[in-house]
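When the chains are written out, they are named A, B, C and D in that same order, and each has its own residue count from 1.
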Amino acid sequence: MKRLISEATGMVIGDPEAERSVPPTGFTARLTVFTAAAMAFLSVFALALSLATDRLADQWASELAQTSTIRISAPAEQAEAQVAAALRVLETTPGVASARALTDAEQRELLAPWFGPDLPVDRLPIPRLIEVVETSDGFDTTGLRARLQAEVPGAILDDHTRWREPLVDAASRLRLLGWIAIALIIGATGTMITLAAQSALAANAQVIRVMRLVGAEDGYIARAFVRRFTLRALAGALIGAILAGVAILTLPSADTTGGFLTGLGFRGIEWLWLLAIPVLIGVVAFFATRAAALRVLREQS
Amino acid sequence: MKRLISEATGMVIGDPEAERSVPPTGFTARLTVFTAAAMAFLSVFALALSLATDRLADQWASELAQTSTIRISAPAEQAEAQVAAALRVLETTPGVASARALTDAEQRELLAPWFGPDLPVDRLPIPRLIEVVETSDGFDTTGLRARLQAEVPGAILDDHTRWREPLVDAASRLRLLGWIAIALIIGATGTMITLAAQSALAANAQVIRVMRLVGAEDGYIARAFVRRFTLRALAGALIGAILAGVAILTLPSADTTGGFLTGLGFRGIEWLWLLAIPVLIGVVAFFATRAAALRVLREQS
Amino acid sequence: MIELEDVAYSYGGAELFSGLSLKLAPGSFHFLTGPSGAGKTTLLKLCYGELLATSGHVMLFEQDAARLDRDQVAMMRRRIGVVHQDCQFLDHLTMRDNVALPLTVSGRSSAFSADLDDLLAWVGLRRQADQLPPQLSGGERQRAALARAVIMSPDVIIADEPTGNIDWEMSQRLLSLLIELNKMGKTILVATHDLNLIRAAKSQVSSRVLRLKDRQLQQAGAEL
Amino acid sequence: MIELEDVAYSYGGAELFSGLSLKLAPGSFHFLTGPSGAGKTTLLKLCYGELLATSGHVMLFEQDAARLDRDQVAMMRRRIGVVHQDCQFLDHLTMRDNVALPLTVSGRSSAFSADLDDLLAWVGLRRQADQLPPQLSGGERQRAALARAVIMSPDVIIADEPTGNIDWEMSQRLLSLLIELNKMGKTILVATHDLNLIRAAKSQVSSRVLRLKDRQLQQAGAEL
């Protein structure tokens, strides 16, 4: 491990003398840089998709999953008492962060799409609604139902499960897809860089032969190739990630509409991912090329 | 053009003699096949995403965009008359496919989440709802509003624009993303195969020199390379597309939950895309390699 | 067959030679000597169209080399058998396939297969026929290159140092192959620095010895 | 320095030679001749550790070649200057860098730069120092290969047909370089089929001529 690290450091600091012994191989170089760039670009997009889905899931979680509603249908004169009783029950329920009865204005607003804005809420036998906000752990739905049934006969707990599940399910599937795509992309990148390095090494059998003839050690020859390919992959990935970043920044951000994909982008610390992806690709390239170089050198002895 | 086609045909039927003159180049071969496979795999997924979004948009379009609601708030005794008047207006409105008043049971169901199932709809001053189904062309919202205002004072038209827009917007953005991803992927594939072919050609300078020495024409040499690379790309892309197809088939299809991503898959004739993508990649590979080969041959003369 | 008229060549720097004229009549046998780096290989490359003269005219089979397009050059190469100085082969094909490559390229694979074995035997490579080029010794490769040059029975044979890595006995044998071909009417041009080889040839065939030195092509004679 | 004891080698098929013994004492000068394909190059490769004997022992600088690991072989190569039969260079480096490559690899780039120019001048490549290997003539490449072999001032110099593509005058000059090095105490082993070269050397230095033929290594003498 220590050797690997010192090797990696040595590689980055560099041994330009050794590197000169490897011919520039124009097309392979471009291939490596381009592959790394394209793959980094795709990774960043997949990542952005995943992060957006994460946020979406979070949003749904906080908007739907962590709020429940208790509906209290009771004759007008008992309503206030039952609401108070329900609130008392909720106060002593573990997992409930807060609970409050909706005001008439709020209830009117909620019902506006159905009844128009002029609904005489106070004169109607409309159930009273209590908004319950869960803690992140959530509460025990069955337990709470049982307690409410006992103490507040007119109360019905609606934890929005019915609405939440397909959405959370969709979000988690989309997120999973994003991560699978990233894993696939990084894996493919590693393989492509390995194969590019191997074909460069195979095409440079003559170089290896000459270097051997004049007494170069395997490590010396390998370093030259590894350094080149790692730096190329790193450079390509950086370019790709930056381009992707720019592309994402210029995507019309439709935050105002509140729609589904509005959040396709990075926020705050998430931008660091733009750096992490090239580094990851660089590390993959380092190990992939190193293994390839040592293998080819062993085979060609 | 004619020459190109005869060349492409000749290439597929093959000139195994010519092909033998190009060394098998193990790693470049694997690189090409793998690249084509990985890219085809990603393309198929991006395509599936696009198609799913298409379907989603369609679904939303039919479920939301093509239905509107008319809410009629009126004293109980006038309600029936106003509903009848509104329906009469709607009958003569171009762009309206059908319209009907919701029954009490339907309205009760709609309101159940808020009031519980036992709402005495008939005894409440609840507005009556009319569901309007548009034809695919849709109706003139402003015109309809004006007519309703004149003839049915208590009617309010809600065409769901508020709900529909962000969703349709999100769907179209997701679909756009999918197509951009496919274009990027196919473009990247073409570039990678070109570069792989070019580096193979550059690594085989010796082969080209020898072939020239014994009197081979440029076309003969190019054909050998082009055939190889096209067939490899085609094979790789087929493998990738098939794997992707299998992966999509085995994705848990959560159609029952009705959630967002349930439709990630192909339906009926859409499966033909699985064939189209390899063919497209093969065509790209053919032209890319051909251009690369002719360029390298010209440069090395 | 091949005519150079007042030809000069330079690789970008100073001219290697200039005002050089040479006429290879059908059925003639020429040797080309000169110190290392004088430009013998370059001159031969002009004669088979790999290089184009910087000035002057090179006529190959009555055609101006400068006016041939790439496919015509390829066609012309089939009429000229060339032994390159650093013999070049396709490393993934057996020696048999390598020697038969000119036939393959011109679409006559099967016609000559008996001749092929005879030829390989003649240059002493029957045993090595199924080996790959890197598995051959230096001399064996040179012999294979000569075999490849003559397999199409071309009108002209141009050989660049065909005996550089070959022992005296085998050199004699290759020489007699060339002499035999010459007697069948082929035009032969051999660049070599092996004066013994030239001397041996002089006693068997009427040949001319050219010497490229100090940018000039001279007729050599007395010193041999 | 280098000792072969009862050595046999085969490339998989029949044995090329067997029961072969050879001892290169420090400061000795050996020639190796034999027909093309006899196994001269193979024998030399055994002497610098590129191949391992199929049986018998090869001792390089008192170490068993079979027991050296890959890095030790690399270290040992720095003490042996090799001229390969098909001279191999890095095509993207100038001849100067190519000749200096052994210095670069062993980390002594700058120390010898004056010597480098002298050496290039000696083999007649001063003008070509900045050209790339494919831009050199066959003979020029062979001379460069010799220059590269001697630049590290190695203890042993092994040359495989170093004069195959070189005219007589230049051959003489390279020979005198080798003789000079030998007089400085270097051990020299040259494979060649050029009997004239051996004859010329015999008159200037005490050398032994070995002949590899019919799977045996014999002392040659009378016929030269």
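Just so we're on the same page, contacts are C-beta pairs under 8 Å (C-beta built on N, C-alpha and C of every residue); 3 or more make two chains touch, one makes a residue touch a chain.
Everything numeric in this text was worked out from a predicted model, so none of it was measured.
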Farthest CA centroid from chain D: chain B
Separation of chain C from chain D, taking each centre as the mean of its C-alpha atoms, in whole Å: 29
Rounded to the nearest Å, the gap separating the Cα centres of chain A and chain D is 62
Counting in whole Å, what is the centre-to-centre distance of chain A and chain B, each centre being its mean C-alpha position? 23
Let me have the rounded angstrom distance from the C-alpha centre of chain B over to the C-alpha centre of chain D, please. 67
Counting only chain pairs that touch, give me the topology of the graph as line, ring, star, complete or other. ring
Give every touching pair of chains, nothing left out. A-B, A-D, B-C, C-D
Footprint of chain A on chain D - complex, ascending: 50, 70-71, 74-78, 82, 84, 88-93, 97, 101-102, 104-107, 109, 148
Listed in rising order, chain A residues that touch chain B in their complex are 25-28, 30-31, 34-35, 38, 41-42, 45, 49, 71, 73, 110-111, 113-116, 118, 120, 124-127, 129, 156, 158, 165-167, 169-171, 173-174, 177, 181, 184-185, 188, 191-192, 195-196, 198-203, 254, 257-262, 264
Touching residues on chain C, where the partner in the complex is chain D: 11, 33-37, 40-41, 85-86, 124, 128, 135, 137-140, 143, 160-161, 164-170, 193, 195-196
Which of the residues in chain A come into contact with chain D in the complex? 17, 20-21, 23-24, 206-207, 209-220, 301
